[in-house]
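In what follows, chain A forms one complex with chain B and a second complex with chain C.
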Partner chain A sequence: MSAGPYNYSYIFKYIIIGDMGVGKSCLLHQFTEKKFMADCPHTIGVEFGTRIIEVSGQKIKLQIWDTAGQERFRAVTRSYYRGAAGALMVYDITRRSTYNHLSSWLTDTRNLTNPSTVIFLIGNKCDLDAQRDVTYEEASKFAEENGLMFVEASAKTGDNVEEAFLETAKKIYQSIQDGRLDLNAAESGVQHKPSQPGRNNLSNDQQGNKDNCAC
Partner chain B sequence: MADVLTETVLPEDLKRFEKIYHEQLYKNDVTPKAQFEYAWCLVRSKYPADIQKGIVLLEELYKTHEEGHRDYLYYLAIGTARLKEYSKALNYVRSFLAIEPGNQQVITLQQTIKKKMEKEGLVGMAMAGGVVLAVGAIVGVGMAIAHKVKS
Partner chain C sequence: MACFWFYQNEIKLEIPSSEDIGNVTFYKIQVHVSGIEWVVLHRYSEFYDLHYHLVLDHGVSKDILPSKKVIRNKCPEFIERRRKALEEYIQKIFVFLKQTMPKILVDFLCFNVYDSFFLLQDLSSRCFLEADIVLSTNKSYYFSTLEVFNSKAFQLHAISQFLKKTQPLLNNAESRFDMSPVLDLCSQLNVLRVQGSSGTYLKSNIILNKLSFELSAFKNLNILYINNVLFDIIFSLGNIRDTLLELHVANTNTTKVCQILQCDVIHKYNLESSQKWTALEVLDLSNNNLTEIDTTITLVPNLKKLILNDNKISTISNLSSLSNLSYLSLSNNLITICNDLHLKLGNILTLNLSQNNIVTCKGFSKLYSLENLDLSSNKITEIDEIKHIGGLPCLENFILTGNSVAATVDYRIKVLEFFKERAKFICLDNEKPSQAELDKVSVLQALSIIKEGKTPKLTVNTAN
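Up next is the complex of A and B:
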């Protein structure tokens, strides 16, 4: 059998953070299911999703932890930041307050992750341009000043959702190739899955026992 | 790095929330927030005794603090599922979905629990199959010996 139990060679850990109601779970759902959840209730604690993608011919499994935005969950959700290779930081372009809180989210992320963690800023709900409360230019400048990648996206239409998740993975993969991200570091947020070692030892042992049988 | 039923809390995180809870307990003034945060960490422990303790704290909250019902039900389902008490876990899930039928997060949890049950069911059957083979082998040996003795 040539195929092992893993049909991917890397696992990247992502977190999604930002104020409540900005559409974090809808972005995750759009990315993993390619569907828009119209009535999205508040997330409890953390939600989890996965999808296998391909970057430069390598299959990569994304393990995505989508954190609840409500304040009362924040103390515990912080413990999920540790060891994230990618952080998607989301605000709502129609609600200025969610943009104003970005510096606090960014501080948390910087304090709780490692220097190689890729932080991607997403201005969600760009389909609601008529109700826009934060300009593209302003957010773009904020991203540039803080060294973040940035897009405006829509979990509803799917615009730029794939791009945000994939570009983050490309940047992480690039860091691995450049040697800036140490795969052996405990909290790199990346696991490499080498080829399956095989299970021959086990069957050999059983064979041995049979041969030793006195009868 | 795993899913909601297998990821575990870091010991230092568990200790931090345990300390807050115990300080409040000492003053006889435990807030639902402190109790929930501690319980949330406990049900993610790798030790069944911790998970059990977390379940007790969540059950207490469920009785006394209506505001957080959905949170407590969700983590009761996770705690019991981690203890492999699957029928209990699915009951919590069903109670939740009776109130919020379309909740995708809880529907996903339900699927995760069912998948785990299926997997363990198959493992159980494989083990049972192994036992049958072993018994067969012993009987076979016994018959062979009996045959030898006779001849």
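Up next is the complex of A and C:
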């Protein structure tokens, strides 16, 4: 099959959450455009990004909801937890308050997503090690206590950004393989696209059927 | 509505006139029960049958009914004489029988239709016979309950009346009266339709929509349809706030959402958590006179589907906190401006704004979650407006017919062009793009890229 932009077998929905100014939009921009956005404006409501990645030979399209951190948009952004397969929870390692608020973000996430949602904790701005306010150890302990995956990243240098998004996808894919995540559930945040829709729909479908039979 | 037991001594029966219908003389019996009155038409032979049974079973003396006459029974003097005699007769037997009120007399005077007490009695015996069938089919065939128990506001009023004041029970063996079958059925019912009316009820002066009722007898209601009922007559909702999954309200002339969701509350807009409709997921308030979506909508925190077609709403408001809302329909309203919809609506999948006055699509540009968008029959004239829709990454169905923009040359291709490489996934006006259209779209895209002075990237999407 040709490698067109619509050749993927899964869609995973992500949501990025965290306090205002921790660098959520920059992380998304770094991930989708591989560039650092220096003067990133405040997000109004919600932004959106997408990228196709590969996990275990499967092409996966990530649809990423980048939410506004400002309190006044909280009502609107809450609705995007619905149907998210992955949640990236971001804090700023140079501002302790953003770390302290994590528990409230975590409560929201646990309440509004389904149990199979993968939550990934990202300590952003790790390039500013000199101004560090939150140690790696305590954040990693917090993550461990709450069963989260954790990494320190930098949207500016691009360190660990790719890894965070990919590791989350791997974990979700693992859940699908284990059967823990029900693909047919409406709010699972994962859509399966068995074949490329469009012109060669028919032939692909037949192929797909054959594959199924072989298993 | 009449209540026999409270006004037993004020009931008046009259036969003021007669009527000729299809060459048969009918006598018009007028029943007055303290302000309420209704009319029953009976011909002589029906009086005769009634009399026969009353004589047989209830010890009415045989000779009080005016006698039969076979010939010349159409002359006006005779009819007038008979009318008077029948009036005397019906008054006499009523005085004699009103303590026992045999079923046959109740039916003859239509007390079972207009009087809350006898109506309930009727309902009760029907429930006793049919309730098990209704409830057992209910479990397997969900919708059969709709047909079987199309409750009238009238009957609900009667039930409410009963719950309010315990009425004296008849001790007579024949008309033993027991409310338990009715309450039993009500408490187990899942689906209820309430049909009101602003006119008078049948041949009486009872106005249905002035009869207040309540819903506390319904303990397990999941779906409630209310049609043509004034909401101020519902004085209690019981526990349906916790059980109801779907609420459909139509033709009520209500202008405010609070009149429906807070119909049992005196101080509207005073939102308290006890007033929350915790289970409600579908709210259909189509065909009312709503002018705005007021803050009371937040009393339905788990709402998934909101249908407000055919109202007079001009702005989308107060919906941002409904985080489960994924379907919103506002067809045939007065919406002109939709700015920054992504701040008013969260993760919404389907949005129907057909038959409004929308001119610009700018406000839709960040509604990234949208999968189905219906903007048919609006006032969109400029093809450039569609560029705001073109960036929506999840859109699959887009309807734009009935706008003047749809009449422009090469309309479909121009619209599809805005969707760039996603064009082939867009079902425009319920039609998937044809290959010819897609080819034209990719040619246009290539041209515009060249115009911008860049070399076209050779991604082979459509050709192969």
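Note that the second predicted complex is superposed on the first by the 189 of 215 C-alpha atoms of A that agree within 3 Å, B and C clash if a C-alpha of one lies under 4 Å from a C-alpha of the other, contacts with A are read in each partner's own complex, and residues count from 1 in each chain.
Following the convention adopted for this analysis, a contact is a pair of C-beta atoms (placed from the backbone, for glycine too) under 8 Å apart; a residue touches a chain by one contact, two chains touch by 3 or more.
In this text the structure is predicted, and so the values were computed from the model without any measurement.
*Asks:* Thinking of the overlay built on chain A, is A:76 touched by chain B (first), by chain C (second), by both, or by neither?
*Replies:* It touches chain B and chain C both.
*Asks:* Who does A:43 touch here: chain B (first), chain C (second), both, or neither?
*Replies:* After superposing on A, A:43 lies in contact with chain B but is clear of chain C.
*Asks:* Once the structures are superposed on A, label A:20 by its partner contacts, choosing first (chain B), second (chain C), both or neither.
*Replies:* Neither partner.
*Asks:* Which partner does A:128 contact after superposing on A: first (chain B), second (chain C), both, neither?
*Replies:* Once the two structures are laid over each other on A, A:128 reaches no partner at all.
*Asks:* Kindly classify A:112 by the partners it touches after superposition: chain B alone (first), chain C alone (second), both, or neither?
*Replies:* In the superposition, A:112 contacts chain C only.
*Asks:* Identify the partner contact of A:29: answer first if only chain B is touched, second if only chain C is, both if each is, neither if none is.
*Replies:* In the superposition, A:29 contacts chain B only.
*Asks:* Determine, under the contact definition given at the top, whether A:53 touches first (chain B), second (chain C), both, or neither.
*Replies:* Neither chain B nor chain C is touched by A:53.
*Asks:* State which residues of chain A lie in both footprints, the one left by chain B and the one left by chain C.
*Replies:* Common to the two interfaces on chain A: residues 44-48, 50, 63, 75-76, 79, 82-83.
*Asks:* Which of the residues in chain C come into contact with chain A in the complex?
*Replies:* Interface residues on chain C, with respect to chain A: 320-326, 340, 342-348, 366, 368-369, 393-394, 421, 424-425, 435, 459-462, 464.
*Asks:* Flag every residue of chain A that touches chain C in the complex, lowest number first.
*Replies:* 2, 4-6, 44-48, 50, 63, 65, 73, 75-83, 112, 197-199
*Asks:* What part of chain A is in contact with chain B in the complex they form?
*Replies:* Counting only chain A, the residues touching chain B are 11, 13, 25, 29, 37, 39-41, 43-48, 50, 63, 72, 75-76, 79, 82-83, 191, 215.
*Asks:* Once bound in the complex, which stretches of chain B touch chain A?
*Replies:* 1-4, 9-10, 13, 17, 33, 37, 40-41, 70-71, 74-75, 100, 102-105, 108, 141, 144-145
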